[in-house]
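Quick one: the structure is below, questions incoming.
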Amino acid sequence: MNKVCANAGAAIVGISNEMTLMLGGFGLCGIPENCIAALVKSGVTGLTCISNNAGVDDFGLGLLLQNRQIRKMIASYVGENAEFERQMLSGELEVDLIPQGSLAERCRAGGAGIPAFFTPAGYGTEIAEGKEVREFNGKPHILEAALTADFAIVKAWKGDTLGNLIYKGTARNFNPVMAMAGKITIAEVEELVEPGELDPNYIHTPGVFVQRIFQGAKFEKRIEQRTVRSRS
Amino acid sequence: MNKVCANAGAAIVGISNEMTLMLGGFGLCGIPENCIAALVKSGVTGLTCISNNAGVDDFGLGLLLQNRQIRKMIASYVGENAEFERQMLSGELEVDLIPQGSLAERCRAGGAGIPAFFTPAGYGTEIAEGKEVREFNGKPHILEAALTADFAIVKAWKGDTLGNLIYKGTARNFNPVMAMAGKITIAEVEELVEPGELDPNYIHTPGVFVQRIFQGAKFEKRIEQRTVRSRS
Amino acid sequence: MLDRNQIAQRIAQEVKNGWYVNLGIGIPTLIANYVPEGISVEFQSENGILGMGPFPFEGEEDADLINAGKQTITARPGAAIFDSAISFAMIRGQHINLTVLGAMEVSQNGDIANWKIPGKLVKGMGGAMDLVASAENIIVAMMHTNRKGDSKILKQCTLPLTGVGCVKKVVTNMAVLEVLGDGFRLLERAPGVSVAEIREATAARLVIEGEVPEIAF
Amino acid sequence: MLDRNQIAQRIAQEVKNGWYVNLGIGIPTLIANYVPEGISVEFQSENGILGMGPFPFEGEEDADLINAGKQTITARPGAAIFDSAISFAMIRGQHINLTVLGAMEVSQNGDIANWKIPGKLVKGMGGAMDLVASAENIIVAMMHTNRKGDSKILKQCTLPLTGVGCVKKVVTNMAVLEVLGDGFRLLERAPGVSVAEIREATAARLVIEGEVPEIAF
């Protein structure tokens, strides 16, 4: 089975209207830029997108929002995007906010065959509404369900043709857990290599979780908050 | 806070009778040999040991069994040990057998603040007796509880003085999940280095999970099933 | 009658290109030797490796590289190592395409018993319960009857179960059987073994449709 | 009155040697600048790094190395990178010794509200709900009153909660307060701020025992 796709356009074949997608990344760090661009070009619409953030107005998932391709957003923090705000307030966009740790764990659970788990996060808040509460060790917890997606789209630093992935720095974030949770997982990488070039001991995502892989044409890697110190 | 201990004897200080220990390793691969030797020497008794296997008669946890230091064994497979068999049949040793994947996930859950989760493993078997059953996606699952331990004892390849660990090959196995689940986690490593010598991108166990670390005096690394092919 | 190697060889025919496969201890382990040329398969061992290769050459054994049977192995180019939680995430999450394991008993509704004989020493289930509860495609490799000649292909298992309603296919020394729920369909018979002999050795309901071909290699 | 930096400086006094600390966005981020010499602390950022260092020198920014505030950062020697699930495993599993975050309201039973104002745009809770539900040691850093002069130190929160009964201590521009359950104990007051002024600015029950010392740096 050949997992290698020629480009982002070939990698997203099969993503159609009304599907649920997971997209890796935290802020603009470690997002699958090339696939997002291809999705914009494809014009697919009615998407449910699961991603920690919703990008900024002119980059990341913001591009899909501008283009009105997202029907529902499942995220933990969406405060960097004016178009998102407009669509949410007007009711065009459905929004489901989930605590960040629960989002990560629910994706992992979806990939790991754990349909539900108890967590203390959100107990006593509106997040817990309608959810089962149970006490463990004297502390109340709520039951959270696994998340899966028709397609998970992740971005890695290096990958081999078998789908093994290595991420770089904090661009790792949600990518490994989402890679586990896609019915089909697409990985875009900065460098695609042959099997044997990556050390088996340092693979972050084993290839079994990845169905399609390609080397991205280019990575802008925009920085959201450039903070520096002086050399004084 | 200095995490570095001079040797195994110093590292196991505080482990006392009737405590619950987790010990990493699969078979004899990746077991904390030096700490086991120190535990034998210490004479501590009445231990509950959580470990995938129980060693062989004269190595690994078998040494603690020979010495009658284990009261209860929680494991997934214990078929390599005649003394274990004798103690179990005579009723001297209490045994709790857990499916291997549930054992790993229960340790991880213990370390991750997830008190319980649903898994399909063991449904319809005696493992499910007394456990809550719930259907998800048309498939029955059972509720399994997190495991934690007074001390978790793991073995890594390299570690730094902050407790960051890297394992080698399949000696990784249960070590990372158990490292997360110990109230106090002790790591014995083949090579102890200074902070900065391990690449942050390839740390398997972040130092936050490790409270004590030392370089083992020697590692026998016994092979249980030596299988080879001819060079013909 | 097939021998252990031939059972493995027959099961190897079921493997498709690009599959991820978990092989249990015993006969299943032998399957790796018989995967047809042109079929690329990655073997997972639940202690934490994907891309398991053949046994090492003598003198090249590495104590830190073993399979779930505790045997020394090698890693193929493109292998990946992971911890036990991720390993069973792969299994439970149904990322493995095929699981092959041995059994003491299989029943016609797909139940399997392979971990415990009451009154005898219990060695533990290892990863078997996770594997059978999760895998979508489970093939059992075993002898058709036990040493006393009693059928291991049953209407109902008598031993403590490892998993319920999970086995899809059984390959024995006598036959290839498909689990139907209320019986086994006899798909193929071992060279020289008659349908009557298989019927005789099978305690479960056997469904036979038309001519039953011999297993071909 | 303390300014934002002084609030951070006061909280930095709470940090003990060897601790792992998670700092929220805003005032908490400033704490890293005031950790006393001789105190070794590892900072965790919930997007996936332990051992966060200072901002990079200009020209050395790495888009692949940011903190939870999306700011470019550096990694200290001995840092570790991990995924979001492991990051919150650390948090939920109580491996982090201290969490400091901002708040809109804190109540005397330790409830905190810091993520949502009904009728206003909701940006989301990010990792705050996981942090406050899990951490054993939570300090809130905030202004004592809002822009209208209303107390943010309440008998009961009016805004949607982020977590219940979790805050241990509050450091504001006016005072250091300990959460008692049925009130706040006034531990210290900002230089030049009187007990009466603090009482005036506090809607919650305030417990004052003996002389209340000024915050010292």
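So that you can tell them apart, the chains are marked A, B, C and D in the order they are listed, and the count of residues begins at 1 in each.
The definition used in the following text is that contacts are C-beta pairs under 8 Å (C-beta built on N, C-alpha and C of every residue); 3 or more make two chains touch, one makes a residue touch a chain.
Note that the structure is a prediction, hence the values are computed from the model and not measured.
Engineer: A-D versus B-D: which has more C-beta pairs touching?
Structural biologist: Taking the two pairs in turn, the one with more contacts turns out to be A-D.
Engineer: Measure off the straight-line distance from the CA centroid of subunit A to the CA centroid of subunit C, and report it in whole Å.
Structural biologist: 36
Engineer: In whole angstrom, what separates the CA-based centres of subunit C and subunit D?
Structural biologist: Distance between chain centres: 55 Å.
Engineer: At what distance in angstrom does the C-alpha mean of subunit D lie from that of subunit A?
Structural biologist: 28
Engineer: Note the residues in subunit D that touch 2 or more other chains, in rising order.
Structural biologist: Each of 49, 75, 81-82, 85, 88, 91-92, 134 in subunit D touches at least two other chains.
Engineer: Could you list the positions in subunit A whose residues touch two or more of the other chains?
Structural biologist: 105, 108, 112-114, 119-120, 168-169, 201
Engineer: Please list each pair of chains that are touching.
Structural biologist: The list of touching pairs comes to A-B, A-C, A-D, B-C, B-D.
Engineer: Provide the residue numbers of subunit C that touch subunit A in the complex, in ascending order.
Structural biologist: Interface residues on subunit C, with respect to subunit A: 17-18, 20, 40, 42, 44, 49-51, 75-82, 85-86, 88-96, 134.
Engineer: In their shared complex, at which residues does subunit B touch subunit A?
Structural biologist: 105, 109, 112-120, 134, 136-137, 141, 145, 166-169, 201-202
Engineer: With touch defined as at the start, can you tell me which subunit B residues reach subunit C in the complex?
Structural biologist: Interface residues on subunit B, with respect to subunit C: 26-30, 52, 75-80, 85, 88-89, 95, 97, 99-105, 107-108, 119-127, 157, 168-177, 204, 221-231.
Engineer: Mind listing the subunit C positions that touch subunit B in their complex?
Structural biologist: 45-49, 54-73, 75, 81-85, 87-88, 91-92, 111, 121-130, 133-134, 160-165
Engineer: With touch defined as at the start, can you tell me which subunit A residues reach subunit C in the complex?
Structural biologist: 1, 108, 110-114, 160-162, 164, 180, 194-196, 198, 200-201, 203, 206-209
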